[in-house]
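Naming follows writing order (A, B, C and D), and every chain is counted from residue 1.
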């Protein structure tokens, strides 16, 4: 879960980092008011999309009037398709140097890793690797002062900068650990006359740890449908194509999408019902997809912890309760596949054994449907193997 | 010879009294796995699928020592259960749950490394030494003995591929599910090293995904040290870009993590790359 | 640093353990007032000495009048020579079972260790070892729930007790670690109708970690002289004999005392000036001892990090500034011993090379002094080797 | 052969710019110790007693790798300095400071054990391989080569005893100061095991104190496994009872910790026990 900049900064402040003086506002008038109080300001859209600066979502304003105008302009924007309703109005910092500082999780070393550089700012991704210190933290030890001293030495930080980082970095690490963060990134970490100030804040909290942080806000980046799917425990992403896809497992779902493309179709979505989905969850997934009015539905289940008979029962339930008026191609394999096939056969649906065949069938069905034909609906089962 | 586990491996099931735990205990026993005990706090004394249940792992180990554990506890309790398994002396643990928090996984991995314990997963289907021992929840019938070692980040996709192998008369030596999370105990290289020294394995199938840099690291290892043919499939060619960890993710991954980057690195390392899962059997037959 | 029971209980409460309702009082009238509020009570002397119960320092009182009488009686006591001015008046608990629970540091396994038993109470030291669970805690891991479950199983705790200990023990461990405790001991941990309640509390904080706990009270068990010595960085214990002893290092100081006994003398004190004592500290130590009017002074220095010339200079300074009118036997060896001997020789004092000789000399000098002779004072040096 | 350290051991001094650090660096060099570097944050680039000073241990190790470290930093900073030494790859560290907190010492010991690092101390004079390498602050001249291994909990008392040996023509192989704190990295048994396998050591002197149970544990080991004669002296026969750790201390120590208990256990293990430090040389001559 990504946090908005102003929320991230509030957390940084709680962990004793300096942040710019500022106010969260929702109208141009409030922006002007804040600017009257703060002096020269920067007006920043509070949106989770990246590259706000390059897309016009950040502006400086020397006067309250200018702040009002810029706020009005920015509030009218959509940044990378995302609407937003809050602006952060902050004092304009006097910046002597821009540092880069981040804490994230490194899959390779399986531990928290600190990234630090004296060459922070907009172009950090272009800074050569040797100018960025990469320091994996032994999680049993935590971040110790000697590590900060060594990081500073490798960064080439001055004695004075090192003195500040010796206080700042342990606070950042505590935040990272206390709040189950996946990412804490400050870019730039601005060196100002009053010391290091977090001029930006990107904090991502591990979704899987949110249950132990009830005090944190809940922020959703998803579409309504994705949100609804998430509440059902389904991993769902809209893709805009013709064939609605249900599969179980992220890997095979991706492989199914790849194969849909391979055989000339376009997937409407990514929908992973996950491991061990029962009748209820599978039925919900199917209903969700039907709401999106696809040209065809492709069900690709290779059961391990998921049981094929549960999937079949879910299909039957949805068909009986709501009806299914789009063509469906089904592949079932693995745990209880015989039972599953029998159930679907009874419901008049032929089932494929191979993924390739089911995908080819779905692509064909969608094409027919697009061409106005109704052949291949669930009622009139296609010929499987 | 087998890697990690074999017919002598004594297995303990943590969370044995739950739905998943009891169902898959029966499945594992049916496969031939020596399940010697189960653990479920407060339910010591029960018997599930013929297996005695204990209140703690220590109690189970006192009654009959186990070598490996499989964990079916809900994600919020997985860290404690894994710690207990490691502290009580298990040498390998398969962490089945999805949604174990990243920080918990990091702590589990750190403790396991300290104690020399192999962690499979989390978010894995487990591992199987075909015909000898299954520690996981994959469907039994596809895992028949043969010369192919399989390492996979995804679960169902791995069954799909192993099922294809079986249909083409190709059995497996050992199949390892690394797990689908960002941090896992085993990575491709760990298992490739084991397969390199395993006389039962003639070739290896590597099943990857976009995201992370595990495939690129594996490619580097294969180019430098692998002594057996490797066939790979990577899922996600058409997937929407996943969430990136800010600039930090980009800095760490640099140009890695993309489909094209992974495929390129693997091809350069001499790996045969399949475009569809169904192509893997033919590629394997060409190298075996 | 040992904490008084009422302080310990306050800390336990802060870490979410239940403690009896109670009041700290200083007069019989206040005790009666507290009893009027609390009902049937127990009146407990707040003193660091052990065996308060057996020495009459604890009494039950059914009425305010009884509480007043018992408070008056107890306040008049001295327990193991220690005066005290506070009483803890607490509700009398309804106790179903007495458990024992402690956290301390185990030198052998070099880590925190939990001791737990269902057989708590007065006679815990007589409980057989197999009835007390001993669990070293991996300090990198901390106390984890699985450990508590396993401790409970080994104790033979009921499911209900285990449920309570799963909450209570982690709190206790946090207290132990947060406050740098050497010992946290609850005996008895009383099982009452409202759950487990800490009926007593013995908490000892590591003196060497007090600097990072400014919020903790400072409690001194020492005599005025010991306190003064402590402030100077000297380890000093009064022993009541005739020969004042200065040495450097706990081991050699103990060995010196042993040797004084061996040769028929009695030491007045244990005084270890520690490693690397300079002129200033050594002079202070000597002045401190002279204040106690011993029959003789024995200085036994084997220099490593301590330099013999510093010790010699300290002697000369004290002699010149304040005068030394008791006989002194000196042994110097090790770092800069030649310089040290030269300085003392110039000051008219002979120096022994061997510890045995110096001790024998000191014992002889003290005996002469006790017999009224003044031979052997610092002014008239004894014959060394 | 020597134990722990020898003439090839490259030594790093942490806290080299302080009074103690610089003085004892000179003394160690005078003894023949190969001091290759010093560390003092913020003072990198200086030279102390001919030894280059670095800002961090990592920087020192980059310039010239060291094997062992000695730490003269003030107690509150000792944990961090020790962690740094361990993380940077030193294989042995002598912790000189007194008053390191117990919890800090426990953490240092835990990390050191994890990394396979030997911790001497804290609150120790160090250790010396006589005539080869001194890592500590004991007076140079008493430590001359010979057949006696010495292990001591106390510092000055150890010099006293080694001085007596020297005066009687008995040199030492290795002398190890365990340190005077309740928790120390090395204990008697660790060093006895090393001496057992050291051809340069013919007999061992064990210098103990009342309190704790280290001497009793040592006696148990000696009775069971020690292959060389051991002579012991225990200080504190007439000492006032020290502070006890509540009932917990009594429960852990049971009947151990007292002077009589220690002497009894040692005698029972076949150890010759001296009543005065000055008796040790004669006892040794009888067994060598």
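We adopt the following convention: contacts are C-beta pairs under 8 Å (C-beta built on N, C-alpha and C of every residue); 3 or more make two chains touch, one makes a residue touch a chain.
Remember, it's a predicted structure, so these values are computed and weren't measured experimentally.
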(request) Determine the set of chains touching chain B that also touch chain D. (result) A, C
(request) Name the chain whose C-alpha centroid is most distant from the C-alpha centroid of chain B. (result) C
(request) Round to the nearest whole Å and give the separation of the Cα centres of chain C and chain D. (result) 26
(request) Determine the centre-to-centre distance between chain B and chain C, using the mean Cα coordinates as centres, and give it in whole Å. (result) 55
(request) Please list all residues of chain D that touch 2 or more other chains. (result) 111, 114
(request) Pull out every residue in chain A that's touching 2 or more other chains. (result) 138, 140-141
(request) Provide the residue numbers of chain A that touch chain D in the complex, in ascending order. (result) 138, 140-141, 144-147, 149-150, 153, 159
(request) Write out the stretch or stretches of chain A touching chain B in their complex. (result) 100, 102-108, 110-113, 115, 124-125, 129, 132, 134, 138-140, 177, 180, 182-183, 185, 187, 202, 204, 206, 208-209, 211-212, 237, 239, 247-252, 254-255, 257-262, 267, 270, 274-276, 301-306, 333-335, 354-356
(message) If we count contacts the way the header does, which residues on chain D are in touch with chain A in the complex?
(response) 41-42, 55-59, 80-81, 83-84, 87, 111, 114
(request) Would you mind writing out the residues of chain B in touch with chain A in their complex? (result) 20, 24, 75-76, 98-107, 109-111, 114, 125, 137-139, 142, 152-160, 163, 180, 182-185, 187, 207, 209-210, 212-214, 217, 233, 235-240, 245-252, 254, 275-278
